[in-house]
Amino acid sequence: MMDADAGYVTEDGRQIGGVLMEMKNITLRFGGVVAIKDISFDIREGEIRAIIGPNGAGKSSMLNIISGFYTPSEGAVWYKGAPRPAMRPYEVARMGVARTFQNIALFEGMTVLDNVMTGRLTHMNAGIASQALWWGKARDEEVANREKVEEIIDFLEIQAIRKTPVGRLPYGLKKRVELARALAAEPSILLLDEPMAGMNVEEKEDMSRFILDVNDEFGTTIALIEHDMGVVMDLSDRVVVMDYGKKIGDGTPDEVRNNQDVIDAYLGVQH
Amino acid sequence: MLDAGRTGETLLEVNNIEVIYNHVILVLKGVSLSVPKGGITALLGGNGAGKTTTLKAISNLLHSERGEVTKGSVMYKGERVQDLDPAALVKKGVIQVMEGRHCFEHLTVEENLMTGAYTRHDGRGAIDADLQMVYDYFPRLKERRKSQAGYTSGGEQQMVAIGRALMSRPECVLLDEPSMGLAPQLVEQIFEIVKSVNENEGVTFLLAEQNTNVALRYAHHGYILESGRVVMDGSAADLRENPDVKEFYLGMSDEGRKSFRDVRSYRRRKRWLS
Amino acid sequence: MLYRTSGQFKTSYTADMALFPVRQDAILLAIILAFAWVILPLTASEFAFQTLLIPILIYSLTAMGLNILTGYAGQLSLGTAAFMGVGAYACYKLVTIMPWMNPVVAILMSGFFSAGVGVMFGIPSLRIKGFYLAIATLAAQFFLVWLFEKWAWLYNYNASGAIQVPNLDMFGVTVAGPTADSMTQYYVVLAIVSLMTMLCINLTRGTLGRTWKATRDMDIAAELIGINLMKSKLTAFAISSYIIGVSGALFVFMWRGAAEPNLFDIPLSFRILFIAIIGGLGSILGNYLGAILIVGLPVILNTLPQTFGLPISSATVEHLNIMIVGSLIIFFLIIEPHGLARLWALIREKLMIWPFPH
Amino acid sequence: AELYTPNLAYRTGPFAALGIPLMNGQADYMTLLNERDGGIGGLPVNFEECETGYSTEKGVECYEKTKGGALVTQPWSTGITLQVLPKTNVDQIPILAPGYGFSPMSEGGTFQWAYNPPASYWDGAYMILSDIAGGDMANLKGKKIAFLHLDHPFGKEPLPLLEQMAAEHGFELVPIPVGLKEMQNQSAQWLQVRRERPDNVIMWGWGAMNSAAIAEAVKTKYPMDQFYGVWWAGHDPDLAAVGAEGKGYKSISWSMPQPDSALMAEIKEKVIASGKTQTTEDQLNSVFYQRGLVMSMILAEGIKAAQAHTGNAEITPADLRWGLENLDITEEKLAELGMAGMVPPFATSCDNHTGHSGGWILEWDGEKFVQASDLLQADQSVIEALAEAKAAEYAEANAPWPVNDSCGG
Amino acid sequence: MELLNNILVKPFVDMVEAPDFLMQVLWEGLVSGILYALIALGFVLIFRSSRIFNFAQGIMVVFAALALVGFHQLGVPAWISVILSLGVMFVLAVSIERVVLRPLVGQPDIILFMATIGITLFLIGFGELIFGGENKVMITEELGIPTGEFIFEPFGGFLLLEQKDVTAVVVAAVLVVALLLFLNKTRMGRAIRALGDDHQAALSVGISLQTIWVLVWFIAGIIALVTGIAWGARAGVSFALEVIAYKALPVLMLGGLESITGAIIGGLMIGLLEKLFEIYWGQPLLGGNTETWFAFVLALFVLLFRPQGLFGERIIERV
């Protein structure tokens, strides 16, 4: 079923492409603490890849490595078949990696619209003079990007709160705004850190829908951390399981679900 | 057993409270609840429904967020507690575990737990005994007791927060989203602990939860909050059987559990008015 | 009622992005502009120009510069006055080395010097954050003032160690120096301040403004979504210091007429910080409101005992002044920590839905 | 109508302790005139104070605020004097800066609106040097003299003269600046004194700087009799704080308290007794309080001269300017005013805005200041040449600067 | 070449040639360092418990000293004046908590910082109004502080230590040890540290902000009084003293905002180094008065390598 280079076709008939990103033997240490120990796995183009594991397993740290916030102590991230050189997080973002955060990291002092617009900063490059005069390129860019952003706002159904400062929003909406901000960057790979934590089922359903649609409509590759097994099992194409820094499983939801190590370390009971 | 809590007297009563933030944002529009002594009461509802606000209104933590209770009253053991400061309320036995953990980052795990005993004056021995009890409930914390809380994982921080509350020897714990961000196994574990604390120590719990499924399995009684109003309440067992609750909060359709892949429409209509 | 917005629809994003989506705001601004450009100059006395109008404008501009850095980009600065000093001394050197230079050009150019110095002291902000960063700006504050004192070349080796503004002409009109007319100076200041305000409004509502605000609100997240923090912080330091430098040049050339180094010492920095904070961090309007309050208050307090004929000595008045200013700062922080601009926004919000309470 | 002669005083801040007795003296003299004579020439004097805290910025504000109806501006600080100097040319208000300000202000042709009688800082510096030299400047050769000064226009003022003298008479000058902010903590400066071991220390200090310097000198065991201060650094309480250990400390002065003078008797009777003053009993015989009286006397005499000249009681700033330019304070005049011995006689003219009265050395005897020299005089040929040069330099740097050549000189 | 010699060689030659003088310089540096450290201690305590950057610590020093001298001038015996001044500091702590802190709970750091500047202004005005602006003499002898001096004659030179400075050093050391014990070993101390991390959470476990803040500001007031006596004995009591409070800022930054040890070590380092720099480099090469900025530049330099200061708590940065 899985051809190493050409990708594969999922049960519901989606074509998954070749390897987009590959973690090779990643180890991460904080002082004496080993947060990640020699982990390797890959993410294919167009795929929804889940990372699961108990609290403190190193999932978020892994995401932080992918997005350049942490530098691995050993090992490297390969992107499109070549090792990615050491770079600052903003350069990683400019390569097309966007993400959301486990503890919401919105810009609290700004409105929803402005927050989502910041997601498009990577696409805007008018000069300071043009911006100061609100003339020429800056103005055109502003309008063009605003249109793009409005599309995303429509897509995520947050029109009504466009002009609200995000500080005032309830948790679930904040998560959605964060997703909007990430999507605004039009990333080739989207990293979601517990996008559905703190939501009820109805909201999780909505969020699932958005994730699936992003994946479908824009062909965005998605890596996702989530503790709700229902969501993980239903949405993801392949799952990596981490446990205290080690990889204990990797495969389709079904494979993982039946892996005894995974059940012992994480699931507790079979889901 | 499930209805154990319902029979006792009422410990905490919230009468028709209204809460306004920043003098302009009306969030609770008349919420009433009663929490029976010795029970576990769940406060359910979507994001922004006002669960956290309700809990903070009870524990008087609204003030520092520029919120205030403008109408209604909160009674604890028949006594009006609205004008007490949070510390006084803790002394009376009501303690809140805040949403999002809120550990003292720079204190060690053990120091965090010890701050829970701040209001107690019953001697070193009793406090040490309780510390031991918390470590018994959460062995993981014992392992990490010398680490700075800021560097522990999400689950560990949640345990610290709950353990810290227990250290005050509370009669009533207001627990805000204990399951958020926790691995499934841990969620069960934490609820198990809540249950055993409830049964063994007789502590009353009022818990706000998104995870309706688990909450209704452990609670005796539930309230559903939407847009600042209570829209439904009843025993946990009744709520679990309610078709709307099933569809919207438990994610079950008539045919059983739906796959998240199969949800097609974003908006569905509820049968009650909010 | 006054602020009813019903009936005003926007049909394009361009319209929605206009400066004044609400018509009443535009009308209000027009009235204010008419006052500033026509009515006030016609009616103001020399005293009013010198103690109220000109300083309010200049302080607003300085506060705006600080606000870019602290209010928008989130980098606390306690060294504003020193950067004003750099602008002032640069301007002094420019006009004394090149006396033919148009004074307004000199003033605008002097901003570049403070921008340069600002960037230099901004570099530590890449590593140092929050109150710790204040140390970098304090280092600038104390070091620069010391330099103004010790580097005699800066003040042309004047015996007094102070800089004295010579008479400067522009198109045949004296705009600076002892013989300059207050109204002329007022117009020069008003023109420069209006221009700068326009530019600031545009910068803060566009890409750069969002970059800064993102840096301020959560720098880690900002970097992770693709913001080059170094660029963001350093542009903020540069632009902020530019504006502050220009305002420093205006401060000395269009208002004080002379300056000695310790004029640029920390109390002035704090005064500017007060204006920015009481006015409202992250707001352009706030700078004006703050400046009106902080400049106007002592003037009013000083005239009060006289008008009521109270026999209070000038020293006692001074003590009371300091006390009252201190208390009012606390008072305003308590009623609205986000400043007068937020207070105005709340009033405006209430007016829009008036007479309904929520 | 009244004679509005505002005073840019300071009764707050680190300079207040020294300013207060001086300003009390000034105010009391005017109060006496108002009480006794109904003012000057029948018009009451309005001696309103504007608080500056010795801050130049505040001072300029006060100047702007009071200049409307004022006959004169009394900046009470060399820094403020320098900053209002160009403005007074335009506003045509005379500056009266008795014993302070810019020394070249003596050049009346250049500084038409500025007056610093009875002596300038350069006079003071010269007199101190001549006392150190014991009358013959040649004795200075090879000496090392530290110049401890407030790092402020005031403190820098005598530098040009001192530098010139050092070059000419072959002594080494070690300037030691004291920053406004370090006034109270001069340990670094006095370590420098200890390291340099100067033969003399000359202090141009003001405010809290003086008491700190005197305390440090005692602590450093610097020989007090080699320590000289300008006339603003001879405040009785500062010395009283160190008492006997300050014995030998000297300060040049162009004024001398005369507790038994007729004026003091009148002040006590008409001003102090009636409580129209802020003066406290213990200030009355201090150097500074009585110097304050002299300062107001100079202004009052200027006003009188102007009134006599114009024949009007009501005068303009320009009239007062004439008056200040034609002061003639003789021994007889002083005796008449009941102020014999409080200030050396002097006279001003169009070309000489200072008067160069000369001064006495006052020495702390452990309890009080006593006169320790005859009247000293600065060599005007030296002072005048330097003043002319610096005045011309100033006029050039501030061109176009109106110069009155008709005074001659 | 000449310049290099002046920078790199000559100062050290000077040091070696006059070791008694060097020792005096070091002692002077040490004493001022201790006094900076005392002010910094007050800051640290308040910062730890509330994340408030208390700019008013400097004026509190002045205020405490003025109150003490003021009471004594009214004829109150010295030690009773001390007790009364402590009373004043307590009233001050209570009023600040009531009027300023309570309504501003939970506001951003910078707002609280501004509020403390407001307090500073208020106290300056109020203090000058009731105590007057003149310099006052500290009642050193009346308090029984020895005023003599120890004179040593090492290396044929002389070294003079004033006994009141020695007393200040000893008192400071005692104070620091007491504070360290208090913060780390007591229930209150733990509560203070907890409060510094998270107000809301502290409230939720029943720590009363009001009690702790009054307590902490009162302790800061006590420290202020001690500092005021020590500084006042050196330089007299006046409002100009307030500016030395600025020196506490680099001390804090260098040592780390929340560290007691940092305040002490930072204070000593800055006191010593700035004096050495001024005497051996500043005065000969730069025209003197480098003490105005040296501490800040030094702190800045150190922060570039350790952004949280030498002893500050590691900044926890996670997403």
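Here are a few things to note about the model shown:
The chains carry the letters A, B, C, D and E, assigned in the order they are written, with residues numbered from 1 in each.
The rule is short, and it goes like this: a contact is a pair of C-beta atoms (placed from the backbone, for glycine too) under 8 Å apart; a residue touches a chain by one contact, two chains touch by 3 or more.
On a predicted model such as this, the values are computed, not experimentally measured, just so you know.
The fewest steps needed to get from subunit A to subunit D, moving only between touching chains, is 2. With centres computed as the average of Cα coordinates, no chain lies farther from subunit B than D. Spacing of subunit B relative to subunit E, judged by their CA centroids, is 45 angstrom. Remark: subunit B and subunit C have CA centroids separated by 48 Å (rounded to whole angstrom).
Each chain gets one centre point, the mean of its Cα atoms, and the points for subunit D and subunit E are 37 Å apart.
Averaged C-alpha coordinates give centres for subunit A and subunit C that are 42 Å from one another. Among all residues of subunit A, those that touch two or more other chains are 69, 101-103, 105.
Contact of a single residue of subunit B with at least two other chains is seen at positions 151. For subunit E, residues touching at least two other chains, in rising order: 128, 133, 246, 287, 289, 292, 319. Residues of subunit D that touch subunit C in their complex: 9-12, 16, 48-51, 53, 56-57, 60-61, 64-65, 68, 78-79, 82-83, 86-87, 89-90, 102, 151-153, 156-157, 159-160, 179-180, 278, 390, 394, 397-400. Contact residues of subunit C toward subunit A in the complex are 13-14, 17, 199, 202-203, 206-208, 210-211, 213-214, 216-218, 220-229, 235, 239, 282. Every residue of subunit E that touches subunit C in the complex is listed here, in rising order: 53, 99-100, 103-104, 107-111, 113-115, 117-126, 128-129, 133, 246, 249-250, 253, 257, 286-287, 289-290, 292-293, 296-297, 299-300, 303-304, 307-309, 315, 317, 319.
Residues of subunit B that touch subunit E in their complex: 59, 61, 63-66, 85-87, 89-91, 95-98, 102-107, 111-112, 114-116, 118-119, 148, 150-151, 161, 164-165, 168.
Of all residues in subunit B, only 21, 25, 44-49, 100, 151-156, 177, 180-188, 210-213, 248-251, 257-261, 263-264, 266, 268 touch subunit A in the complex they form.
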